[in-house]
Each structure stands twice: as C-alpha cells, then as structure tokens.
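Consider the two complexes below, in which chain A is the common component and chain B and chain C are the respective partners.
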Partner chain A sequence: MTQDVQELPRTTPPRVQRAQVTRKRRPWLPKVRARFVLGSVIVVLALWQLAGQTGVVDVMFTSTPSAILRAGIDMIESGELWANAQVTLFEYFIGLVLAVVVGVPVGMLMGWKLRLRQTFEPALVALYVTPSLALLPLVVLALGIGTASKIAMVFIEAVITIAVNAMAGIRETDPKLVQAARAFCANDRAVFGKVLFPSALPTIMAGLRLGAGRGVIAVIVAELYGGTEGVGLLISTYGQNFSIAPLLFLTLVVAIFGYAVSSLLRAIGTATTSWKR
Partner chain B sequence: MATTSLPRRKLPEKSMSILLGGGFLVVAALVWQLAASLELVNPFLTSSPALIAGSLGEQIGSGLMLRSIGTSALELLIGFGLAGIVGVALGLVMGRYRYVEYVVEPYVWLLYSAPIVAMFPLMVLTLGLGSPTVIAITFLMSVVPVVVNSAQGVRNVDPKLIQTAISFGAGETALLRKVILPASVPTIMAGLRLGIGRALVGVVVGEFFAGDGGIGYNISYFAGHLGTTEVLASVFVVIVAGVALNVFARWLEGLADSWRTDLG
Partner chain C sequence: MAHITFDQVQISYPGKDEPFVAVDGFDAEIEEGEFVTIVGASGCGKSSVLLAADGLLPISGGEIRLQDKKITKPGPDRGVVFQDASLMPWRTILANVAFGLEMQGVDKATRLEKARHFVELVGLAGREDNHPHQLSGGMRQRVGIARALAMDPAVLLMDEPFGALDAQTRELMASELLRIWDLDRKTVLFVTHGIDEAVFLADRVLVMGGSPSRVVEVMEIDLPRPRDAAVRASEAFGKYRTHLADLLFGATTTAPVAP
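Entry: the complex of A and B
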C-alpha cells in the first residue's frame, strides 16, 4: 500500500504531459483518424471485390463484398434474419440480465467479506481462467438443445467475469477511505453505499462490458453447437452448405452487434463514473 | 490461534484462506458424492467425483488421455506461438506508427468482436478438418489481446525516454531494442497472458466443431454418446490446464518485470 502512494508522484508527471499533448492535437486528430480508417476499409473492400471478380482468389472460399451485401439484403427482405435474431437476442438478454443480477451482488459481497472471499475465491478464479464454453456439451445434455441451454451458457460465461470484476472493484477501494468513513462513525450501509460502491463502480462497469462481450460469443457458439433456431443455427446451416456469402454476412452482423454492445456499455461506464476524474 | 503476535499475523491469515478455499472444494466434492451415492440427484446427469476419478484413471491407463493432451497442447503451442510472434510484431509497429494503427485498427476490432468459431466451415474448406483448422481458430482468437496490449505498451513508453535516446543519436533499431521493447514488456506480457486464455478457448471450442482429436474433441464426442462422467473428466483436465497456464503466465510476468521493481 505504501508502494502505491510512493508510485503516485512518479507516474503523474508524464501523464499530465501526455494529456496536454493530445489536447493540443485534438482539432485535427479525429479527422485524420477517421479518414485513414475509412480509406483502409474502402481499399480492402475494393481489392477484395476485384480479386474475386478477376478470379485471382476462388470466390467459393472468399466470396466478394457485393455477394455478401446481396446475401444480406435477401436475408433481411425475406425476414429470415429478424426471425432468428429475435430468438438470439431474447436468449442473450435474459442470460445477461440474470448474470448481472447474480454476479454483481455476489462479487461485491465476496470483495467485502474476507471469509466469504477466502472460501469461494479459489473456485471462482479457477472457473475464470477456464474456458467455460467447455461446459457447453454438458449444459446441452442437461437442458436440451432449446432456449434454456443458450440462456444458461450466456449466464455462465458472463456471470464469472462480472463477479470477478465486482470483487476486484470492492477490493481496490482505498482502505484509507473506508477508515476515514469509519472514523466518522459510518455504519456498514453508509460505508457500502457511500464509499465501497462508488469506488468499485468503474471496475464493475468494465466487468459488465467484458461479460457482455463474452456473452455474445457464448450465445452464438451455443446455437452453432446445437439448436432449433437463432442466428447461430442460421450460420451453421449456411456453413454446412458452404454458402460463404450469407455465412460471412451473419458473422459480420454478430461482430458489429458485439462491438456496439461493448461500445454502449463503455459509454455508460464513462457517463456514470465521469466524476471520478 | 487467538494469541498471535503482530509480526506473525500474516501466516495464520494465509493458512486460513487455504483452509477455507480448499475446504470449500473438498466439502463441495463430498456433498456431490453423497448426493450421487444416495441417489438424491440423477447420477446419469450429475455423475460423481468417484466416477470421474475412475474415468480419469481409465483414460490415462488406455493412453487416450496422453494422446488427447498431446494433440491439444500442440495445437495450443503452434496457434498461440504464431499469435505471439505476429501479435507482438504488429502491435509494436502499430504503437510506433500512428498511421499504421489507423489503417489496421478496424480489422483488429472486427476480429475481436467476431465469433471466430462461426467461420469454421470456411476454414475446414481451405485447411481441412482437424488440427490445421483448430490452429487457425486458436491463432485468430488469441492474436487480438496480444496486438492491442503491445500497441498500448509502446504508446505508454515515457516520451522523455524516447526523446533522450533520439538526442543521443539512437536509430530506430536501437530505440526499439533498448528503450521501447524493455519499457513495454510488462504490458506485452499481460497481453500474452490474456491471449493464452483465449487460445485455450480456441483450442477447446475449435475441437468441438472441427477437431479430429484432443480434449475438446473428447468432450464433444463423449457428450454425443451421453457419457457425462467422461465429459466431466475431460472438463476437469481443461480446468487444470486453464489454472496451470494462468499460474505459469503470471510467473513469467513477474519474472519479466522483476528488474524494474529492483530499481524503485
């Protein structure tokens, strides 16, 4: 702990400088970045299209951007995408909400109470560093190939990450703040509500973001493994026919969805903890 | 236990956490075993620790376990090894040259958010069923954290250090070797640790869909034959591997960073 305090003055000066540097460049920086990103995407798409059309690469393996777009429009117009996306979204959000409802309180409680943490931490950490997707066949055996097994997989993937981060958030609270609150006769409720929870919030939000990202992959992999409907099943069906264009379109949709969810949670995290800086 | 002098306090606290943490695992296993033995739960679905231990012994005896671990370990080694080399190299360039970062960035995030496993039919088509496809999935899954952390590590190098080195006439190679690389090692190591976690996911899940051997393949195969006990035995191996890899990565991380704390 003394180490942390000692380290502070050493790391602060360069950070302050860095912030000044970026502030000075800010007027032109995002513009240049956007131009490069956009240019890079356009060039790659154009080269891909050209390579496919001229037969430099086999379209059967790589498809082309235009074919992917056409496949996407077909799927949207026929309602195939939305019908399956509804199922997947439902499974995803139920699983995620359950994970938040269970993971945040359990994690915070483990961060707060030493004996609880000592009891459950080894088991939780072992699960955290293990790919919980390994449990997928087992979950399917227990719950069948329907909706329940997908919700369970999203829950398992997300809840561990969320709980570990909630625990870490509480533990990272500066003990001096807790001592100060205690010195002013704060009771457990006040210590928790006014010191521990606000201090842990950024880490909890980071946990939600990571958990939500892992949940997207979990629901898709679970549907790929065995399902009756959903985007994952759609991907699996097209994959078995080696229809690469719709396969890539759906993969792209999932990637964009995952990116959007984590960007949204990042924005919410920054908004709810902006007072911290 | 109650009368411990102040300087000794650390030891009982540590043994307490081992006692409670280990105790919980033992109690959980005992309850599980008891519930299965008394048939309070359906042993077909839940198996029991004794059955799992028996299955582990059997799989080790028949040589299946060693063969499977060998297959999976090789896939992990090649896939993650490639991810480490490509990831660190790309990350260093991205962190050093702003424009390279802007150009490559969208694809890195696309790769991070995309369900890589969903593209396995495409990989099977080009690489065939089996290890090469699993290696490709492992590589794609684990490369992103390595790239992102390496780039971050380079960006976080104190600009004063770089300016000083340049003032003393350091070329780009010397700058990289003597300033940037050593200064960003901790961040790179953290990226490698995150990467190996995802690599393990890649191996296991890759083998579910495209494997022809290995631990993940066994899990999927046994599940297909309703062998809960054998599945749990393989899952146990995956958990042990996950913990062991993480402990190893943390140890390496500490090792790579040890010279720094000596200075402080």
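Entry: the complex of A and C
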C-alpha cells in the first residue's frame, strides 16, 4: 500500500509538465484564428499557382498569383496605379461625404417628423429597391463622362442607404425614453439631441458602413462605363486587352480598400457606442 | 388647500368607433407631505391618472390642479419615477441623474455635484461612471429615484416603480424609499398593484375600481412612522391588507379557511 502511494507522485509530474509545454505560447506563431485564416489563404493561393503552372486551368482566364503580383509591382513602379487611384479616391470620398452630409440629416428628419416621412418615404423606399446603377446612363447623359458623373453615382448609391438607416434609427428609439425626457421638461430640440440622436447613432453608423460599401461598387462601375482615368477605367482597359493579371490585381486592390473602409467605420461605430452591451 | 386636486378627471383613449373612456369622475385631494398610494386591478387606468398628473397624458374632462394651478404639461415641480426606470443607456449613472437639472439649464459643475449627492443618497456611491446595463434592476430603479429627486420637486410621482423587481428587492426598495422620503417628506403619489406595498408605504390608499374606473374607497393607514419591515407582521397591517384584498379581489369567504 505504501508502495502505491509512493508511486503516484513519480508518475504525475511528467504529465503536468507536458500539458504545460503544449499550452506555452510560441511567439513566432500567430494566434489560432489568424493561423486558420492565413492557412486557408496560403493553401488556395498555392493550389491556384499550381493549377496554372501545370496547365490544369487556362492561364488566359485565371492568371496565377505570381503573375498577378508581378503585374501589381509593375503598375506600382510605373506610377500607373497611384495616378488612377488618386482620381478614384477623390471621386469616392467627395461622393461619400456629400451622401453623409445630406443623407444623415434628411433620414433623421424623416424619422422624426411624421408629415415629412409620409411625404417622402414612398420615394425613398422606391429608390432603395431600385438598382440605381441602372441610372448610370442617365447620369452620364446629364453630367458627362467626367468626374461629376462618378461623384453623382457614389452619392446616389450611398445616400439612400444612409438616409434609410438614419430614419430607421430614429424610429426605433424607445418611446419610453422620449416620455421620460419629456417628463423632465425636455423640449423638442432636447428630445432630438439628447434622446433620438444618441439612440439612433448605432444604426446611423451601420448605415454609413453599408453606404460606404455601395459607394465603392458605384465608383468602379461608373468608371468601367466610361471615362478618361480611374481604377475602373484601368480594369476595363486591361479587360479589353485580355490582360488578366493586372485586371485581377486591381480588383484585389478595390476589394481590400472596400474592406478597409468598412472595418474603419465599424471601429468608429463601436467606439462611439461603447455603452451598448 | 390641498396640494394636488383631482377634480372629476376623465381619461379616454381613441377607439375604433368612439373614444374608450378608461377613467371617469376621478376625485381626490392629496395634502402636502402626504404619501398616497393608488391601487387597482391591472388595466384600470391608475398609471394613466399618474401620467396625467405630470401632464404627460392629456385628460378628456375635469381638471388636475397643483396648488390651484391647472396641470397641462410636465414641470420641474414634479418628478416622475417610471416602472422600467427608463434610463438612457448611453449616459452614465451620474449623467442620467443630472438629466432633469440639465434640462433646467443648471450649469455642468453644479448639476454634476448635485447629481453626485443624490447618487450617494440612494446608496449607489461608486457607481457614478457605470452605465445602466451594468446595474441590477433594483439599482436602476434607485437611479430613477435619484433622477427625480435631483430636481428637488414638490411632488414625486411614482408609476409602479418596483413592479418589475423580485419580491425581496421590492420589500427592500420600499423600506429604502421610506428612509429617503422621511428626510424631507415630499408629497408622493405612488401607483402599485401590490397590496402589501400600498399599505406599507401609505398614509392613505386610494382604491380604484369600476368601469370606467374611479376612486371607490379611500383607506387611512394609521400605522406609526418611521416604519420598518416589522410593521408588516403587525395585526393592524394584516387587517388593512385583508380589507384591501377584499376590495380588489372580492370577498375572501371563497378562500379556504385557515385552521
């Protein structure tokens, strides 16, 4: 019996130590989630490259990751990318800022004032469900193929989403909070500024994020349609020349940009609404 | 002169064809410094009467007066505590308590200092910078009470403030409310559907009933103050309680007789 007892301590410590070893962090390895994300990307890229090189798929249509990378470096070094991106970024941000400046107040007012809502909601909802990219030919006819029509397209795409969300945010405000504010002698202005606006802010921020995403699509499609410079035009030109590698590189750049804008707005939204659980 | 006078008050809601009259001929006089509870079956319009006394709900007939001045809209002379506390989730506890003062145009330093005092008074010192979701239901209701008191109103209007709390917290909050009320004895109008609570808190209980409803009986509660939880065990308390239950739920003869 005493032997059994003495044996126990001898067998347990190694087991504990092993558990500790596997749990120990290896700093050169990224965190588990990032490891899976990274891993899946690497596997896909490797298979893609392999499929292209071995001729399993036609490089004519798919290109290969290495070719795309080379095309990208070329475009960056020649200054072609930045020259066009500048134009696109300008169109995008002007359009988006206009959409925010117009969409947020209009949406909030429509959420607040019943008569305004009854007057304009049908039009807004109709525009919301219309694929407004279909208006592109009309906008180009009106504003030409220059910068103005691109800004207008970003504006149209983003402003409706932003306004609809701002309106919803105001309307979703808990009426009990409005009642409480009134009980403490809040006037209309205070009800709006101290209750409706802070309550709607998370939804407004969500609308900005969605609108910003739709704006990216709008500016590229508008440039694809016609123009003299811009990332969309580059994509369209390379497409017509069957230069798939630069086309895919540019598409990737646009995707990363859209993701970055969306993430940034999400971070701002979270920071401004930290009171939410 | 009574502090608050309800004179033949009628409250109606828009119905399908014609307005639905919920309250009619509601008469009551509340004296200064009196703690009055209003009880009645749910849906009898007792909360409506209270909200009308703050001017949050329009009345369709009669008059409600505060020291002879007709009540038409909310004012800083009345502080309201709502059933679900109705705190602004984006504001800290301190900023919530300071809300009424902010609406009165009190400067920031003064209102925060006052708010701090009332947060302490309701026993939440140290939680000033928390947000409402970090507090329990009882604590949130304490914030609601502090918010109403911070304006130093002449009248406190309380709309089933402890209705959503568990039984234990509810009793605790009732004792706490009496402790705070005892400091300066404001006029209190307190709506509840809890019989125990109604008797425990009140100088007088207004019993609402009928359809449309009105005050069907006024019960004077002659229990010594200050009251603590032990009062609930007294014989007098039991009598008031039984009488009130009879009024609200019909005669207790149908209930099983205790051995």
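One rule holds for everything that comes next: the second predicted complex is superposed on the first by the 247 of 277 C-alpha atoms of A that agree within 3 Å, B and C clash if a C-alpha of one lies under 4 Å from a C-alpha of the other, contacts with A are read in each partner's own complex, and residues count from 1 in each chain.
FYI, a residue touches a chain if its C-beta (ideal position, glycine included) is under 8 Å from a C-beta of that chain, and two chains touch if they have at least 3 such contacts.
Note that the coordinates shown come from a computational prediction; the quantities given were computed from them, not determined experimentally.
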Per-residue touch tally on chain A - higher for chain B or for chain C: B
Which superposed partner A:Ala186 touches (first chain B, second chain C, both, neither): second
Which superposed partner A:Ile145 touches (first chain B, second chain C, both, neither): neither
Touching partner for A:Leu98 - first (chain B), second (chain C), both, neither: neither
Touching partner for A:Phe61 - first (chain B), second (chain C), both, neither: first
Which of chain B and chain C A:Lys176 touches, first, second, both or neither: second
Which superposed partner A:Val129 touches (first chain B, second chain C, both, neither): first
Chain B versus chain C as contact partner of A:Leu224, first or second or both or neither: first
Complex interface listing, chain B residues touching chain A: 16-17, 20-25, 28, 45, 99, 102-107, 109-110, 112-115, 117-122, 125-126, 158-160, 197, 200-201, 204-205, 208-209, 216, 219-220, 222-224, 226, 228, 231-232, 234-235, 238-239, 242-243, 245-246, 264
Footprint of chain A on chain C - complex, ascending: 54, 56, 74-76, 80, 82, 84, 86-91, 99-100, 102-104, 131, 133, 147, 151
Chain A to chain C touching residues, read off their complex: 174, 176-177, 179-186, 190, 194-195, 198-199, 201, 273, 275-277
Touching residues on chain A, where the partner in the complex is chain B: 3, 6-7, 14, 17-18, 21, 32-33, 36-37, 39-41, 44, 60-61, 115, 118-123, 125-127, 129-131, 133-138, 140-142, 213, 216-217, 220-221, 224-225, 232, 235, 238-240, 242, 244, 247-248, 250-252, 254-259, 262
